[in-house]
Every structure is written in structure tokens, then in C-alpha cells.
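Here the chain labels run A, B, C and D in written order, and each chain numbers its own residues starting at 1.
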């Protein structure tokens, strides 16, 4: 008898847990929505995608009275495609996906179209161009960042040749096209003699990037521009530099190196607006991408946008750097894109006092 | 109905596998009640589709675990075969001047690669007496590195030949080829498990290695064979994955080895070997898939799902260990009485 | 010999650093029961392993039925008709009787098992020996003797001409041994050659035709048992010649009473019962050696396990006048009860660790100083026991795994003695131990009783119990049949009667 | 004490072999990369493997008992996040470190109960703990409003992890030395260490010798989680942020380090000296490949190959001994 009660208790608890964990809300409310959209982010582990999903959910509900079902892609091809399949099975009206691989995007588009469900891809352009696509203009912004970094370095140290090191995600080709390669193009546009010394995998992680950067700087102490293909890696590079007694700037004048990142999250901007830190540039777009996704999905559902034609919506990936962006602008960017509620100026001051 | 059949049915109903099956049913009922997005034919098709690779490789892994071995390299093996298969089909072997190959030939070569990885595992474990965990962990790294290096980390997505996706996507009389293949493999492995010399020898090796050895079973050869078999199945899974998604990706199968491990464990094959059923593994794979799918349908954040995964894993193993000790005690009591 | 079925000539086996067989030559006749005896490490098991294909020889020659015999694998040896019945039974517990019968020799088509017509034949062989074994029983529900029957049937089934039995009686009760001997004689009458290995000389005299004695890798004697029996007189255990061949010294077995302090009860057991035991009551006095004797399964080991806190029980145990309330091994140890377990390898020694590390394991306090392990203290403890028990080892740092069985047992006993417990339970203290070590262990037990400690010996060897114990508790099916005083002229017929269930 | 420490080194033939491998690696790398043989570089390597050494020293004892802990990476991440979260929300740093370490020990307790008491296979039990701890780490980060915690950390957050002892030696290296000697001490001089070997060599004999096996296993798991948790705090404090995914694959690294150090997975043998050497091999390998600019794909292959070679070399040296 005691055992039976215990078993019942456990079963009830187990059944209640998912509900407690945030599930089961849709029952009473789903019928009130006009549309159901699906969204597959690259991975929920990045602040960028968490913010993008939240923006999408809020914007779609407000503007189009649409509910958004989010299934994480977990940065994994099988999981991403399974998520697409599940969204199809759940009969969503349209979906949006953001992956790290063009082949994966193409496969997803094929799946969705076979089921006659509109789909929009983001960032990574599928090779089969048969569906609308949201393209943050990362290439241009990366080029701009590279050029600006090179200019600032040349202005401060005209005698020291530019040596660039990069941290990437381990050979994803689109990253070269839009981020690392473009950045280096920018550098070269200012100093044609600049050299790309090394490019290693930072695994998108701060800690791993820090370890790798320590090794990079050991092998190539002459490196003076470091680009991390996302903010996490740039922050790791900064931590490594600080550990070696570098990573400093003299009120915005480069001393040892310039670090650039990507995504423009709050953690990065706090460093960027610290005049003494060498992490100085980044760019990003969250809100506009999410809004474009919702707009495109709505457009496809209502017939305003053709479902099976390539249609690119370009979104500015806003460059933010210490020299050309005002603190107020950056504050506003964070508020709009990352649900930031603090004061950037205060956060920068707090971080500086360390 | 003959008495032996009755006995078999009775045995099945009282087995942990059947209870696991009941849990599986209960999960389905729960999710169907909790969300209206779950109980749909298409959703079930997806659930099965998404667990096919685990089911295919799980067949080999179950046999391996029966012999007290395990294979952590299956995920990397899947990725390597996936990418090489696509590479051969799209580019051939450029530096030897070999043109793109017919799919069947590419598939054959890739199966051999899968078998080779199994062979290396087997050699390290049987000849050099490596711990299976260590040997296959080394192969996990090597396989993944080779997969990424083959294509310099890029996926292959252009120049995919016609018919590349047919085996993974097309249907025969409305039934996906994928299901037919899985059904075929699972049924043959169930037969292997119950009726074949191999299945029996696998159980014998896991339950009492010395007895198996002194009964004249070539233990090393059986284990080697099972590793090769698992390698071949992983290779097949690599081909099917490539075909299903119609592109080659060196990053597939990350964490796949642990998913397979969990499915096999949930299915009631202990790490210490000596027993296990293919049917249990299939239920294990389906439970994992249904759980993920159902929680997604309920809109549960992924991180909570991770927590549930841990709780379920621990819960299931406690459940199995309870069942085991109770079942054994009952039989022993019966044995002493009779 | 003209009719030699197996001829062994100058057989040598070398391991890295060790020569296990140093040139052995002898013959085995067809259809005979050929006993092989020797102390542990004498080379018996190496010889057997070469014969069965588990090892390959270094040099020398074996011929089988006139042909050169060089098995490359166990399979190979089996195909030539050589089967083995190992001491550790090689049946797979999780398979059924039927599946075990065909293990390794399945008939198959394309890898799938075909119905084996032989199984029925084997089952008939089995039923010839034991009717209670069923075809679809999982083997873990069978007793040791029943599992042995399965193995013997399997061997016969494989149409062997030679059956090697490695200490088959080690874990059988006398009743089961008798039945086994009947079966062995049946096999002999079918013309099967049997190579029989045992430590129990009485068994050799009972069923052996020939006996070969190994010592230190050499063949030191090859005799006809009939001949020996004539020269030995009526008591086979005291066969001086055979024992001298094996160990080079004569072992006298005679009961010497200990100085028991009957005024001081150290252990009182009242109405002990559990799944395997019913209503066990007895007392143990200071300085006494109490023996428990009975068939295997009579409950000897179970009593030891209860007293040592391993198994649950109903009833009362009083140690030194205190009633035991807490259960468990650690509280038993705390109350001054220590046990030497039956299974040395799985429950006794830490084979990878050195002698020095093994000995203080039961009482780490003896080597601690200020709460930390003191190496000088530890060395002193180790050296003391190595000397006291004359453990033959290279030095105290030698891993226990490299010691012979007898020396391993001494390490286990040393570990237990270091606990300084007042009551010591010894479950089969001399099992699998050669004759010399056996006598040494007996002397240790006597010296313990002289020191005022009380010892309980659980043994399935009657001579040991008669030789050693002051009182003997006779067990039958979980009950005490009789508690008798040991005397010089103890009546062994009466003992047999009691343990068989009579009064 | 010194004499007693020397003894196991001399008895163990694998340790000289490992030392030999390290020597060869150092010589080869010195020739191949001009920047290798520099004090700063060795400092870098030590900093990188410091975390492994501290955690693996504890995990090694678990492996000596014949068990293993796959949850260290998740506990590591969980602790970093928790410490950052509490520090950010007003808990004083020292206090937060204390609470984090205590909670980290709870994971060890869970592992200990599952493995020691309920006798669940450690691979599965600790895999389960891994999932739960990792999930919760992500949930804490999410509750804070993002994927990692960096913003709004108090000014003195990094002063612990970046503290230089005597103004020269990074604190992490000091902790590595402390952990090394602590575990060497536990291994050689305490009954806990001795009993760990006993449990690994023969669990049932240990039980019958009166060793409280459950307690030993539980203590070791708690100790290991404490080390993992403390390292999580240390790392997070050094880097100045906490991310819930930092511990990915850490458990496999720790495992490899132990195995390379000559610890048998089945238990009964192994030493923290081997762990130190194993970690140095891994550190040199990655550092060397990074210095030579070898791409990450080849590094993955290299890791697997070195693992096989190291184990094979050890097996040979073991075979020579017996």
C-alpha cells in the first residue's frame, strides 16, 4: 500500500513537471491565434538566438496575432531537420529557420516545400534558391570592421605591420564568406601588406578561445588584430590578452592589439565602450532579423510573398565600435535587440572599476 | 495454443521489457492528453523516422553490450561514412582521376570504411586488450577528425546526383523505404538474437566469458565480428542519413553514440552484458524520441528537456535494477523449492 | 608401455621468467582413470592446459593414440576428443540447460541454430545421472552438482575419448561425490579415459587406476593405485609414500586437545533461523576450536555468514554476554568476531596489492600513527606476519596475485589475525591448499586457541575436523544434528549417519 | 615522507615511460617551434591543464575504486554559473564561493548515493547527473536573461581567479600544486586512499574486511564534485564570465588524462603522479599543435592517435614487468 502511494506520487509528480517547466500552455489559448508559426534557431545556447526567438514571439503575437512554436536546432543537423519535420507534422502555417550550414538549409527547404508549408531561411543562404531568405548584411559590416581596425592600428603604430589572427567555428565556409574572410578583406583594403597569421577553432566558446589565443600569441607574439567570429570568442581572446599583460588601450588608442567580435551582445558592448580595453568592434542584428522573419512568414501565408521564389530581405547588421558609435546609440541598440534593461554607461563604469 | 507458447507469453508479460512497453504507451497517452499537437499520424511517422538511425545502429550496439563491450565511435563513424559517401558520389576520387561513382559502388566502399573502423576497434580490444571505452573513444576523435578533414569542414551540397535522396525519402506503396529497411534490419537482428549462434554466443560471452571460452567459442572472433557488424551498421546509417537529407555533412552524429547507448540501456541491456533484447532497444529508442517530441510539442524549453533526460535515465536504470533483482530472487526461490 | 593412449615425452613449458614444466614424461592408458596429484604450483594445471589446447608447449612431445598431438586451440583439442571439466564451472547461468548443452557446438544453417537432435540424447545422459534437471530451466536455478552433471553430459556428447576433471569434488557434498564416482565409473566402462585431478588422496584410492605425482614441474612418481593400496595399509590418508612424493615430508594427523576454559562463554547462539537455517543453538568457549561439519548445503557457510553479519537472521546472538542488536559486518568486527571467507580469490585477497598493503586491511589502526598510515609500522606488521606464518614470498612488496594458493590463504589469515579478534570464523580454511600449507594452517589455528582465542572451523573435510576440533557440530539440512566431543576413538560411522539425517 | 613517495614511482614502470614520452615531445617541439621553449609558454600550458589536473586528481581516485565520473564537466559549468549568478545578485564573493562548493558537493552526493548505495553502473548514473546539472546550469543562465553571465558582475569578481601569489605565480598553479600534494597525501597516507585501492582491487573482499565501501565511494564522489565545482568557480573567476557550456567534453578529457596516467579503468591501480604526467602530455600535444598552426581537424585525429599510442606503450611496459 505504501509502495502504491509512493508510485502514484512519483507518477503525478512526473506528469506535472513538464507543465511546471513551461509546457502545456497552448491548450486554452492556441485557438485564439490567427496563425501558428514555427521557428528553428541554430542553438538556444547563444544569447543571440534566445533574444531573436523572444523578439519573434512578441512581435508575431503583437503584429499578426500569431503563435510561434520554437524547437531548438541544438547546432546539430539531425536535430534541426527533425525539428523541421516535427513542425511540419504539427501543421504550422509557416516557418523560419536559422542554421549554420547551407546544405542543411537546402534540405529543410525541400522538406517544407514537399509538405507545402512556406519556409524562410536566415543568414546561411541555401544553394537551392527557391524560398525567401533573410540576409543580415554581415559581409559589408565585417569588411567595415576590418578596415576600421586596420585604420586605427595604422594611425597609432604606422611602423608595425599588421598581423591578423582569427578564431572561427572550425571551417564553416559561410563564416569565411561573411565574417572572417570579409573582415580580412577589410583589413587588406587599408593595408595590402597585412598578413593573416593563423586561424584556429575557438569552438564558439569563451574558455576554449582563451586557451587557443594563449597558444596563438605564444607562437606569434607580433599579432595585433584579433577577430573572433562571435562575441564569445572575442571575449575569450581578450581574456587571454589580459592574462599576458596585453589587452589594454590608452583611452581608445591601440597599445598591444585590437580585438573585434560579432553579434553585439551586451557583454561585448560593455568591453567595447571601456576606453582601456582592446576589444573595440562588433556588429549585429537581432530585432530586425526577427521582425523580417515574422513579416516574411506573414507575407507568404497571406500570398503577398511567393512561397517558392527566392526573395532576399536584406537587414543591416549594425556595426558598433568605440570610435564611431555613441554610447546612447549602443544603449538603444541593446534595448531594441537584447531586451537590455540596464544602463550601459553604468555597466561600463562598473566593469572598469575592476 | 500450446503450453510453451502460453509460457512464452506469460514470460513476456512479466518481463521488464513489457513493463517498459507499458511506460512507452503511458507516455504516448500522456502527451496526447497534454497537447493537441502530438497525436497525429504525421507526427508518429516523424518519430519513427527520427529514431531510425538509432534503431539501426542500436541493433549492433545491443549485441555488443550483451558481450560487455560498447562502441563510442558510432557517431564519428556515421559522420565519416556520410561525408565520404557523398564525396564519392559527387566528386569521385579526384587525385586518382576517378570520376564520380555510381551510388551503389560508393555505398559499397563506404560500408567497407565503416567495417574498417569496426575492425580497428576490434583489433585494439581483442588483440591489444584495450578497454572498449578507451579504444572506441580514440576512434571517436580520429573518425570525427577524418570526417572534417576530408572536406575541410564543409558540407557537400552542390552536384548531388539524381536519385541520391531516393532511398532516404521515397516510398513504396506509401511506406517510406527507410521504414522498410529498418523493419528488415530489426527483424533480422531479432532473429539473430533468438535463433542464431551469434546471438547465443554473445549472451554466453557476456554472462560467463570463461565458460564461453572453454566451450570452444572463439570469444575474440565473436567480439571482433560484432564490432565490424556495428561498424557496418553505422556506415549504413551514414549512407541513409546522407540520402535522407540529400547532402553530406561532417558534423552529423555528434552525441549520437550516447543516444544509442541510452536507447540500449533503457531497453534493458545492462553494461555488464549477459542479456538484452533488440525489442527492448527499439522501445528504448522510441521512448527517447517520443519524449523529445512530446516535450517539444508541449513547448518545454530545451534545457528542461535535458534535465528530464537525466531524471528518466536514472529512473529507468533504477527500475531495471529493481526488476532484475526481484526476478532473479523469484526464480531462485522457485529453484530451491523444486 | 605398449597400450599407452597418451604418451607424454620431455614436456617443457616456459613462461617469461618461470619454468612451469621441466621435462615431464609418462603414459596414460586407454580406458583408465588416471589421477594426477601434486601441490599447488607443481605443474598439474599447466600440463592440463597444454593437453586441452589452452597453452602451447615450449618443447617436448605428446602423442594421442599414436599420432603427434599439438592442439592449437581448445576447439582443436575438443575435435581430437579431449574434453575438460573445470573446477570453476563453465556453464552460462543466463542460458537454459538446453542452450548450455549445445554451447560452442551448435548445428546451424547460415548462422541460425538448427534443432539439435543430439539434445535429446544428451538429456537422456543427464537423466541417467540426475532426473530433476529440466530442459528449459535457466541454469542459475541449479545446484553446483547439477551444473557439473550438465558439463559431464556435454563432454560425453562431444564424443570425447579423454575427459579431464580438474578437482571435480571440491565443492560437492559426500553424497554428491559418491554419485559422481558412480558416473565416472560408468564413463570408464564406456572406454573413456579419465584424467582425474584432486587434492583428496582418499578419492584417488577409491577410484583411481594409476596415479602420477607432480612436484615442482617434475614428474616424481608414476604408480599403479592397486600397488600403492597394498603398500599403504588400510588408511589411505596416511599413505606415507604418496605424501612423501608430493611434499617430501610426512604429515601426522592426530587430535591434540586444546586448553578450553569452559567457564567462559564467548559466544552464545540461540534459536537462530533464516531462509537456510532453522533453530541453531550452540555455545563457544574461550580457547575452544569448534568444528562444523556437514554436507555441502547443510548450512555451515550460512552460519558463518550470519555470525559475521552478512545475512539477516531471527534469533539471538550473544557475544561475551552482550546481546547483538546491530547487524552488519562492521558491527560484527567491532564486537570481536572476524571471518576468513570461503572464497579466497573473490572475497579474501586484494590480488593487485602487495602483501604489505593486504595485511592491515581489516584493521588499519594497527598501521596508523596520528591518524595517518605509517610506513615503518606497516612494514613491521607485514614482516611480523610473513615470519610468523612463514609466507613464502620474494618480499613484502610482492603482489599477492603472484603467490601460490596456500600462501594467498596465509595472507588472508594474517589479515584476519591482525584484527586481534577474540572469535575467529574460518570457512574452509584449507580448501585448495597443498598438504604442507594445510598442516601449517592447522598449527596456526592451534596456536590461536593456545592464546585464548576461540575458533570456529567450517569444513567439509572430516579428517580436518577430527584432527583439529575440540567439539564437532554435525549439520544436516540447516539444522544441528548433534554436538559431539572429540575423542581419539571418534566413531566416523556415527558421524556419517548424523549428517545423512539419522540420529 | 619523501622516501615513501619515491617508492611507488620506482615500482611503477609506467611512470618513467610517461616521463620519457614527455621528454621526447619537449625536445621535438623545441626544434619545431622557436616559441615553444619559453617560460611564458610553460606557464600557459600549466594554466590550461591546471583545471584538468585538479579535477582528474580526484576523478583518478574514483577510477581507482573501479568507478568513474562523467558529470564533472556539467558540475564544473553549473558551479561557474551559480557563482556568477549569486555574485551578480549581491551575494559576497567569498560567501558565494562557499555556497557554490557546498552545492557542487550535492551533485557528488547524488552520484555517491546512486553508485555507492543503489549500486547503479557509474557510467549511467553520472551520465544522468550530467544531464540534470547541465540543464540546470542553462536554466540559471536563462533565468539571468541570456546564455552566459558576464554583465553586472561585481568589480572584484575576477580578483580571486587572477590573483598572483607573490605577485608572480598565478593562483591556479598554486591550487594545482596543492591539489597534487593533497591527493598524493590521500593516496599514500590516509586510510581513505588505501581503502580506495582495496575497493578497486576487490570490492567484496573490502566489504568483508569491514571497509565501509559505500561511504568510501560517496566520499570520493563528493570530493570529486567539490574539485569540479571549485574549478568551475576558479575558471569563471579567471575568465571573468560564466557560460553553461564550458564543461562540454571536460569529463572525457579528465578520463583520458587518468587513463594516460596509467590508471586502470577496472580499478585497483593508478597514481596522481601519472595523472600529472598524463595531463602534461595532453597539454603539450595541444599546445604544440596550436603553435605549429595545425588545423583543428588534424588535432582531433592527433588526440585519438596519441591516446592509442600512450595506452599501447603503457601496456607494453606493464607486460615487461609481469
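Worth a mention:
Operating definition for what follows: a contact is a pair of C-beta atoms (placed from the backbone, for glycine too) under 8 Å apart; a residue touches a chain by one contact, two chains touch by 3 or more.
Computed from a predicted structure; not experimentally measured.
Ranked by how far their CA centres sit from the centre of chain A, the chains are topped by C. Inter-chain spacing, taken between the CA centroids of chain A and chain D, is 32 Å.
Computed centre separation for the pair chain B/chain C is 44 angstrom, with centres defined by C-alpha atoms.
Chain geometry summary: the mean Cα position of chain A and that of chain B are 34 Å apart.
Multi-chain contact residues of chain B (touching two or more other chains) are listed as 148, 152-153, 301-304, 307-308. Residues of chain D in contact with two or more other chains: 138, 142, 295-297.
Along chain A, residues 44, 170-171 each make contact with two or more other chains.
Counting only pairs that meet the touch rule, the chains in contact are A-B, A-D, B-C, B-D, C-D. Residue ranges on chain B touching chain A, taken from their complex, read 30, 34-37, 40, 42-43, 45-46, 49-50, 53, 148, 152-158, 241, 244-249, 251-256, 293, 295-304, 307-308.
Residues of chain A that touch chain B in their complex: 15, 17-19, 21-27, 30, 44, 69-72, 74, 76-78, 81-83, 85-86, 88-91, 101-104, 106-107, 110, 127, 170-173.
Residues of chain D touching chain C in their complex: 4, 11, 188-191, 194-195, 197-198, 200-202, 204-212, 268-269. Against chain B, in their complex, chain C makes its touches with residues 73-75, 78, 84, 86, 88-95, 99, 103-106, 108, 111-113, 132, 137-138, 140-142.
The residues of chain A lying in touch with chain D in their complex are 44-47, 50-51, 170-171, 198, 200-201, 205-207, 210-212, 214-216, 218-221, 232, 235-236, 239, 242-244, 265-267, 270, 338-339, 342, 347, 350-351, 353-354.
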